[in-house]
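Two complexes follow with subunit A in common, the first pairing it with subunit B and the second with subunit C.
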Partner chain A sequence: MFSYCSDPDLLSGLTWLSCYLTTGKHMLFYQSFFVVLLLLAITAPAALAFGFGGAMAARSRIAPLSWLGKLYISAVRGVPDIAFFLFFVIALDQGFEYLRHQVICPDWTDPIRQGNDFVVCDAAKLPLNSAPQWQHEIYGFFTAILTYAIVFGAFAANVLFGAMRAVPKAQLETAEAYGMSRKQTFWRVLVPQMWIYALPGLSNLWMVLIKATPLLFLLGIEDIVYWARELGATKQARFSDYPHGDWRLWYFLALLVFYLAFTRLSEIVLDRLTQRLSKGQAFAGGVA
Partner chain B sequence: MSCWQTVQDYALRSIGYGERQLPKTDFTLCEHFTLIGSGLIWNVYFGILALLIGFFIANAIAAGKAYGPRWLRKLCDWFILIFRGSPLFIQFFLAYFIFLRLKQVGILPFLTAAQAGALLVLILNTAAYSAQIFYGALMSVPKGDVEAASAYGFTGWNRFRRIVWPTTLRLAWPAYTNEAIFLFHATTLVFFSGFPAWQQRGDALYYASYFADKTFNPFVPYPILAFYFILLTLVIIGLFGLVNRRLNRHLPGATPKLRYRPQLIR
Partner chain C sequence: MKKLVLTTAVLAITAGAAFAASHGKTIRMGTEGAYAPYNFLDDNGEVAGFERELGDELCARAELTCEWVTNEWDSIIPNLVSGNYDTIMAGMSITAERDEVIDFTQGYTQPDPSVYLAMSDDVDLAGGVIAAQTSTIQAAFIAASGATLVEFATPEETIAAVKNGEADAVLADKSFLEPIAAEDSDLMMLAQQELIGGGVGMGVRESDGELREKFDAAITSMKEDGTLNALIEKWGVGEPF
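== the complex of A and B ==
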């Protein structure tokens, strides 16, 4: 990156370090931090939407829909979340390909599961075999986001379901007495009031979500954990301009500090937000 | 091969007894159930030991944070902050590389093995989460209880052991049950985070993902894993419910039933 970096063998001390930390691979490492932030930025609203849907379904008066919602809420909670991550990332991929296969190649007669293989016609592959590398990466990231949204949507549904029940009954009865329909009561009275009850649970969920981001590594995304392992591993002088020993310890220490700072910052912001939203409420902040 | 034969071969595979070779082709449902169940031994091992040892450390830290001198309080705060503020996944990785370093200079070489090193991380991790729970409970022990104890002449350690601590446990128990469940779930991370599964002796998720990789069919092994974990969760709730009943036995009226209302705390 710097002009004096052209011959790393001659460098030493801080100049060596400054060159080492600005190699192309390190730039990819720094980029992967933004991948994590991007994941959080997309997943949080998506999970909230899933959660809202789940909570609405669980409250539904139609029994099967209500069962479905409650099953969604409880199933994800009883089982370790990484099991779901590992499951969904393959299951979603196969699901998409199966659907495309049914639509694109309807006259295909071979079975799709042949022994240990999952075979769909070439045109149904996602992404297509001929697609450029970036499309594969985007698709991988997309399935990862969907996986996170499904799993954390269940967490969020649990929180929102509780919050909806925490809104005082008198409020809903008043709304009914004023002649509002069920739908109107829901959207105009219940939903605006439930957020303050949901906030402690949702802040907690945000923290859990932050701490779940390193699991991206298990879904095959080149995230910060991937690069920390990659860059930290021992480099021989034969293969690298910047040989060094096993530095994974330091790279993971850096990740630890990153996460500590991030969760601490989130905690402070969320505390402020809770205080702000509790203003004028009839309870002393954060009771739900 | 009959299913009973499979059970004999693989039921203790994860701790090194029985058949060395894992099945390679033509996986039967029986093999799925047996091997994943065999892996569950490790989850239970990590979970129970971490919970037992972590419980004592957590109580010490909670008391230190509540009553200790300033420096001790700061120390406990930092301990809790570091272990609660960072992902367990990263903690595993970091700890593994630290243990590797230590091994190179000949200190505590056994810690690079999952059954010791990962257990240590899990103990510290659950200690931090539980300490926060116990500290919260310690702070919400009714003032009247403490004053009544003083009026009866209880002081110092005696008051803590006989009055404050039992009430703390009683108040903290529902949240602690939750933490126990999450801890058992967290044990599935061990073999995905640096710690090697020596001779393919892994935990339940390790075998489940082995099957999923080999058959490319996630719809069989993961539901089986889910089945085992739901069973495990029910057992935990049952056992903790018994303790809860004992803790609340002096209270008039029905004991508040321990319901599984998963509040997120991790």
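== the complex of A and C ==
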């Protein structure tokens, strides 16, 4: 990056470090921090939406819908995250490709499953084989977000389901007495008041979600853990301009600091939010 | 929410359909990127090494457009068969077990002997603790030999295990361990060699016979005109053909 970096062998001390920390590989490492933050920024509202949908379904008066909501909540919560992460990414990907295959290549006669192989026609590949690598990465990122949203949505659904039931009955009865329909009661009385009950559970989930981002690495996305491990690994002079020993400890220490700082920041913001939502409430963090 | 799910599903199905007409097949080459000198990431984060140079040349000869992707070693075969990429060039030895799941081209290196790397000469190879990377021929060899096997997901961790005393020695391909032994004065290569594996080949899906033949022909032509030997020598990955 700097002009004096052309011959790293002659450098030492801070100049060496400044060159080392600005290699192309390190730039990819720094970028991956934004990938993680972006993932959180998109996943959190998406998971909340899944959770809201799940909770609404579970409360539904239509029995099959309610079963479906409850099944979603308990099934996803009951299976280890990691199993779901590994399952969904393959299942979603193959599911999408299978659907596209049916639409795009109806004349295809070969079986899709050939022994171990999953073969769809070239045009049905997602993304296409000829697509540039960034499209593959965006697609991988998208399936990752969907997977996170499904898994964390189930937990959020459970939290919101409980929060909806925690709103005092008297409030709902009063709404009814005023002549509000069920729908009006739900949107005007229940939903605005449930957040304060949901917040402790949701903030907990947010923390868990932050800590779950290294699982991205399992989904084949080159996240901060991947790059920390790759950069920290021993480099021999034959294969790198910046040979060094096993520095993984230092890279992981940097990750530790990043995650700690980020969760601390989240705590502060969530505390403020709790105070704000408690205004005028005589319970759960209020003045009682 | 339902609308959102539906829209994304529709998008996913239709996206790229426009591109479909303009094909010209791109071959995606899967590799690990952590096994120098076969394949590793250079300072710019690009795939480099023996297999990068060889693969690019093979693609040029087979008149294919190729793109490199990295994937964890653990899941490198499952992701090939489910179609995330089309070939594996990751220092993968041709074995009967792997051949049941995927197909290999002819080998592009000679069988590389496996060697032990340890902190001292007097390691008990028959009864000691030996490190190896998961699902490698070396791991299978140690498991069968009676020594205690400790497995790691990456080659880097196998070396670290020896250095911090968790394992007495590590067993891996000679061409991988040689540069490490040369640069680290604490580690030494033991005299004993194990002749396992049948050379490294390119892995392709069993249903992809046409692609395998193209690469096979390209490898043959590189063997015949000596360019493959020049690459083998340059990167030090075993004996020339």
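FYI, the second predicted complex is superposed on the first by the 284 of 288 C-alpha atoms of A that agree within 3 Å, B and C clash if a C-alpha of one lies under 4 Å from a C-alpha of the other, contacts with A are read in each partner's own complex, and residues count from 1 in each chain.
One rule holds for everything that comes next: contacts are C-beta pairs under 8 Å (C-beta built on N, C-alpha and C of every residue); 3 or more make two chains touch, one makes a residue touch a chain.
The model shown is predicted, which means the values in this text are computed figures rather than measured ones.
Once the two complexes are laid over each other on the shared chain, residue contacts for A:G24 go to subunit C alone; subunit B is not touched.
When both complexes are overlaid on chain A, the residue A:I90 reaches subunit B and subunit C alike. After overlaying the two complexes on the shared chain, residue contacts for A:T234 are found with subunit C alone; subunit B is out of touch.
Look at A:Y242: by the touch rule set out above, it reaches subunit C but stays clear of subunit B.
Once the two complexes are overlaid on the shared chain, A:D117 sits against subunit B and subunit C alike.
Look at A:G78: by the touch rule set out above, it reaches subunit B but stays clear of subunit C. By the touch criterion stated above, A:T109 is placed in contact with neither subunit B nor subunit C.
Contacts of A:A131 after superposition on the shared chain: subunit C is touched, whereas subunit B is not.
Of the residues of subunit A, those at positions 90, 94, 116-118, 229, 246, 248 touch subunit B in one of the two structures and subunit C in the other. Residues 75, 77-83, 86-87, 90-91, 94, 113, 116-118, 155, 158-159, 162, 201, 204-205, 208, 210-215, 217-218, 225, 228-229, 246, 248-249, 252-253, 255-256, 259-260, 263-264 of subunit A are the ones touching subunit B in the complex.
If you check the complex, the residues on subunit A that touch subunit C are 23-25, 27-28, 49-50, 52-53, 90, 93-94, 96-97, 99-100, 103-104, 114-120, 122-123, 125-133, 136, 146, 220, 222, 229-230, 233-234, 236-243, 245-246, 248.
In the complex of the two chains, the subunit C residues touching subunit A come out as 1-2, 4, 8-9, 12-13, 15-17, 19-20, 22-28, 33-34, 36-37, 40-46, 48-49, 65, 67, 69-72, 75, 78-79, 81-84, 86, 101-102, 154, 156, 159-160, 163, 179-180, 182-184, 205-208. Across the complex, subunit A is touched by residues 25, 81-82, 85-91, 93-94, 97-98, 100-101, 185-186, 188-189, 192, 205, 208-209, 212, 214-219, 222, 225-226, 229-230, 233, 261-266 of subunit B.
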